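Take a look at these structures.
Below are two complexes that have subunit A in common, paired first with subunit B and then with subunit C.
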Partner chain A sequence: MKIKGRDKIQYQLFLLPAVVLFTVFVMVPLVMCFVYSFTNYTVGKPLEFVGLKNYIAALKDDLVVDSIGFTLLFAVVTTVGITVLALILAIAFTKNCYTGKLQRAVLYFPSCISLMVAGYAWRNLMASGGEGLINRIIMLFGGEAVGWLSSPFWAKMGIFIVALWIDLGWCATLFYAYIQSIDESLYEVALMEGANAFQKAWYVTIPLIWPSVMINLTLLLSQGLKVYEIPQALTNGGPMRTTYTMTHAILVRGITEWEFGIASATGVIIFLMTAVLCAIQLKLGEKKEG
Partner chain B sequence: MKRKKKSVLMDLIMLPLCAIVAYPFIYVLMGAFKSRGEFAVNPYGWPQSATIQNFLKAFEGVSFIRILWNNIFITALSVLAVTIISAMAAYAVVYNNCKVNRGIRIYLLLGFFIPFQATLLPLYQLYSSMGLMDKLYGIILLHAGSISLPFFMFYGSIQGLPREYAEAAWMDGCSVPGTFFRIIFPLTRPVMITQVIFTFFATWNDYLAPSLFLTSRDKGVLILEVTRSVSRNSVDWGRSFAVVTITLILPFIFFLAAQKYLISGMAAGGVKG
Partner chain C sequence: MRKCIALILCLALMTGIAACGQSKQDAPAGDGAKQESSTGNESADAGADTDAGADSGELSGTLSILGWYSDEVAQGWIDHFNSLYPDVKVEYQYAQAVQPYMEKLQGLIMSDSAPDLILCVAENRVELVDGNMLMDLTDEHVAELMSESCKQQVLFRDRIYAVTVGGSIGGLLVNMDLWEQAGLGEDPKTWGELVDAMHALEKLDGVTPFINNVTDATITIETPLYGATWLGTDSDYEKKIENGEKTYADYWEPIFEITKRDIYDSGLMTEELAGLPWDTALNNFALGQVGMIVGASWNFADIEAINPDLNYKIMGVPNVDGTSKYYLGDCLEPSLAIMESSENKEIALAFLESLFDEESLLSNEEQVGLIGCVDGYNSIFSENPVCADALVEGMQAGHQFMPQTYWRKNVERMRAKYVENVQAMLLTGRSPAECAADFDDIYNAE
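Let's turn to the complex of A and B:
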């Protein structure tokens, strides 16, 4: 059916709000971030191109480098940890029991709340010394109190645990949904071949849902790169800035200290990492469909 | 398919795990009903003398109701704006499928590649210079601009509808907007519900944007109020947890009502809000 000229204008008017808002609030700021990262932006002075100077400065800046390190560590550790545990949990979900629905609901709910709230809820439980609940339990069994939020190592562990608490449930539920779509007869064949439960999971379930798991891996990784709220609420970036994320670095260098060049270069780095992950995700999605 | 036998063993393994996962919520909920004195001596157990003082304290002064209202206002209008704007754009791209619009489709999907962190500093500057600082609609506009995921979802849905519906409407003299609002938009319902749920959680739970762009206290949202009270030297946890409890009520209701859409939507799109 041919579209009349007047209708064409009406269609384009329908597109207008989306295109304008997306351009103003997403695209323009992104381009500005690129521009600032290659110039020496200071208020009241004309922009001057400085090449890669800001990137070199950013990579010499301990705060930025350490925050990139912790962000990458967070993204990799939580992605691997969540995926492995979610696969185990999803296979456990397939065993028929009386409270399956309740279990899935309880485990899913932490992903529906504010990340800040999650951090605050855990903060007291992980208090150092004999005050935190977790330490009390450890000491009850004769262990030694752990400096959860006060030692750099345990603060990181604490953050990983909270991230796991948030994401494990929805991830497992998603994998469970994929497992449900596997053809039952494949398991019957496996059973006839004399496969045990572990072999069924390893040779049937996991290979069949692997493409979806891979897409989820890239999703978790790019979500991990944006981490900010959990450390902010739990440790406030401490102790001694060891749990600063890339977002912290952008906020401190950019908004607190007004170092736009370094902060923008950090912004471009986080954008490039996210974009590469999204491209991989797209490729995997195509392969799965094709 | 034959029903498998139910085993109690799995219940016995999983229920303690569920209890551990649920405990932080129970802890917050119990804390909200404890007085300051009781919280100091009995932070983790069942409240001995439950009190609703914390909730009354939280609601003291006009500003709290105002802040709660800000939260609801931002979320409701953001969800509404995102839904209509992205559905309209998807409709135009599907039904006027010219070269330009195919380009626009890819342009709008580029948002998937762009983390908020990369745009945050220039946005901060734009907001200061455009007078959007400390304005509720500033946050709503920001959400209304992040439409890549809902646009993608609506595009898939409208693309999948038979063309005959729209063509019949045109035959009967229905206009372009009329066809959208009367025929196409209502037909996207399943996707619309999933999208509304995702956008609801994303906007209600958002912290970073409000913490940057809503600077004065009575323009803030609930989670900023919690942050403020927690960063004081002596924290009144009972009151803070009362506020946290209030922020949890709506997500909990949404979660109960929408569980099956959440999961089916995620499985279909391979995405999470």
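Let's turn to the complex of A and C:
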């Protein structure tokens, strides 16, 4: 259908409020952040151009470097982990079961909770020794209590587990909805060809829901790179600064220490990293689709 | 046609941006934020938005305050102030401590709509003073009203920028029933006696002898030990560091060595205890399962809510040779400072002076337990057996220490490194020398 010139204007005028809001609240701050990253911008001092000084300071800053490392690890582990487990779960959801709806509702429920609230709740569950419920269960089965909040390794694991718990049900529900739209006859053909359950999933289900997997991967990756609430509530960046995330580092340097130049430079670095990672991911996804 | 659309888009964009910038100029200072949260006193003349009058008895106008105290606390101050100055309208804005407060304050300062009174605390003091944003109160009458203990803690580069009327007292919260069960008598007079007492508590069945809070620089056993070791004999230590005569490592390394050897390596404080959320530790103390923890008067309400019958008290931390004893906490409440940009300085000064009146002090103590430390004022906490000794020996004597108030540069980085290194000594056995040297690296960084 060809849209006439006058209609085009009408359609574009409808876009106007969104364009204005997006420009004012997203594009302008983004550009300002980029500009400030080359200045000594802070409260009560004249603005001066400092070149790449903030970028050098940010990349030499242990907090920023460590937080980049942990954030990348978090983004990769949660993106891959949630996607794989959600696919398995979604396929399991398709099996007829009396409690299917209840299972989906229960698994979807964590995504309705505030991330901070979830973090604080899990912090108590993960308390050390016999104080936390999880350690009590481990000890009940003869295991040794785990230092969820005091060991750098287990603190990271604890954060991954909470992130999985929150997003798994949501992603599984999304995949389940896509699986519902797959023509049943394709599975019948696969069955006639002698495909087992894994082969049906690999050759029929996953290729047909691949667009939703790609969307999911992109959302999880960008969400993972911006993570803040869960580690903040669960470990507050500890122990020994091992679970600081990039967003947390920006807040500390910018808001707490008033070093907006370094915080802006860190923000730009994160923006570039996110853009590159998402581009790579989309490219890989296109290849798979092709 | 394309040009037409582009023009419309540009105009709309410019209008949007202009509207954002315009809103501040149109509204009087503080009005915009008042919509978010306020405890504005409506009894005052709503139309009076002029500068302060010349005579203090005839003050009129609007005073804006940004604080992190609850509306109830602020209302106590405002009610008293308005009983003295009924023609002044006070607009109080609340922001949660600490990070959201800093965020809001920065936003207000950057948009030229800073309130008249703000909180000047360890987290923002250096930036505010270096940016010449605070009024110097050193020679004002209100500074004379402060007790020596309060003055000592708000003094910054020999000047006073903020006013305090008291604060909190802390130290070792000791379960006195367990103390007696362990056969312990008087308060320990030396660090060695304190460690022995912890080991005596360790022998009680099912009792955790001591829990150090390794997640907060203000509430660790290292800080009062530092105060007792150095401040009694070498109170000018920060100046010596500034002059290059001494380093932070000179002062902190011996403290870290003592605590690492006696508390961490001896097994009194374990990795398992470090993994307890602090509210759980406090809960266990209140239930009588812990001999002593570090804590302060802000924990009283929680402890009494859990176990009103708990027999406990605050003890100070003595130094190694027993010549000095120090407590935790500070005399930094409310640390209100007047913005240099304020057009209502006279009203602001009158407000600060009103905080020293008995009505305000009493309101602080009853509402939130902020202990008054003003010469001639008899605190209701002086009758409280939990903290009566601590008030005399710690707060009134000025024997309280919070490192952030003494650090002169990169305070937040120092605080974060402090927490990280206390954890590292416990969890990885990092050496005290390395931990102490980090302070100098941060201090000497640009």
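To be clear about the criterion, the second predicted complex is superposed on the first by the 240 of 290 C-alpha atoms of A that agree within 3 Å, B and C clash if a C-alpha of one lies under 4 Å from a C-alpha of the other, contacts with A are read in each partner's own complex, and residues count from 1 in each chain.
Methods note: a contact is a pair of C-beta atoms (placed from the backbone, for glycine too) under 8 Å apart; a residue touches a chain by one contact, two chains touch by 3 or more.
These figures come from a predicted structure and were not determined experimentally.
A.B. asks: For A:N124, decide between first (touching subunit B), second (touching subunit C), both and neither.
C.D. replies: In the superposed model, A:N124 contacts both subunit B and subunit C.
A.B. asks: State whether A:Y55 touches subunit B only (first), subunit C only (second), both chains, or neither.
C.D. replies: Neither partner.
A.B. asks: Looking at A:G238 after the superposition, I want to know if it touches subunit B, subunit C, both of them or none. Which is it: first, second, both, neither?
C.D. replies: Only subunit C; A:G238 stays clear of subunit B.
A.B. asks: Just subunit B (first), just subunit C (second), both, or neither: which does A:S151 touch?
C.D. replies: The second partner, subunit C, only.
A.B. asks: For A:V24, decide between first (touching subunit B), second (touching subunit C), both and neither.
C.D. replies: A:V24 sits against subunit B and subunit C alike.
A.B. asks: Just checking: does A:Y98 make contact with subunit B only, subunit C only, both, or neither of them? Give me first, second, both or neither.
C.D. replies: first
A.B. asks: Which of the two partners, first being subunit B and second being subunit C, lies in contact with A:L174: first, second, both, or neither?
C.D. replies: A:L174: touches subunit B, not subunit C.
A.B. asks: So, does A:F74 touch the first partner subunit B, the second partner subunit C, both, or neither?
C.D. replies: A:F74: touches no partner chain.
A.B. asks: For the overlaid complexes, name the partner, subunit B or subunit C, with more touching residues on subunit A.
C.D. replies: In the superposed model, B touches more residues of subunit A.
A.B. asks: Pick one for A:I255: touches subunit B only (first), subunit C only (second), both, or neither.
C.D. replies: It touches subunit B and subunit C both.
A.B. asks: Using the superposition described at the top, list the residues of subunit A that contact subunit B and also contact subunit C.
C.D. replies: Of subunit A, residues 8, 12, 19, 21, 24, 28, 124, 251, 255 contact subunit B in one complex and subunit C in the other.
A.B. asks: So in the complex, the part of subunit C that touches subunit A is made up of which residues?
C.D. replies: Subunit C reaches subunit A through residues 1, 4-5, 8-9, 12-13, 16-17, 20, 98-99, 102-103, 106, 109-110, 123-124, 127-128, 130-133, 215, 271-277, 280, 284, 410, 412-413, 416, 419-420, 423-424, 427-428.
A.B. asks: Under the definition above, what is the set of subunit A residues touching subunit B in their complex?
C.D. replies: Listed in rising order, the residues are 1, 3, 7-8, 10-12, 14-15, 17-19, 21-22, 24-30, 32-33, 36, 92, 95-99, 102-103, 105-118, 120-122, 124-125, 133, 136, 165, 169-170, 173-174, 177-178, 184, 212, 215-216, 219, 222-223, 225-226, 228-229, 233, 246-247, 250-251, 254-255, 260, 263-264, 267-268, 270-271, 274-275, 278-279, 285.
A.B. asks: Taking the touch rule as given, give the residues of subunit B at its contact with subunit A in the complex, in rising order.
C.D. replies: 1, 3-11, 13-15, 17-18, 21-22, 24-25, 27-28, 43-44, 85-86, 88-89, 91-93, 95-96, 101, 104, 107-108, 110-126, 141-142, 144-148, 151, 167, 170, 175-177, 180, 201, 204-205, 207-208, 212, 223, 226-227, 230, 237, 240, 244, 247-248, 251-252, 254-255, 259, 262-264, 266-267, 270-272
A.B. asks: Which residues of subunit A touch subunit C in the complex?
C.D. replies: Where subunit A meets subunit C, its residues are 5, 8-9, 12-13, 16, 19-21, 23-24, 28, 42-45, 63, 123-124, 127-129, 131, 145, 147-152, 236, 238-241, 251-252, 255-258.
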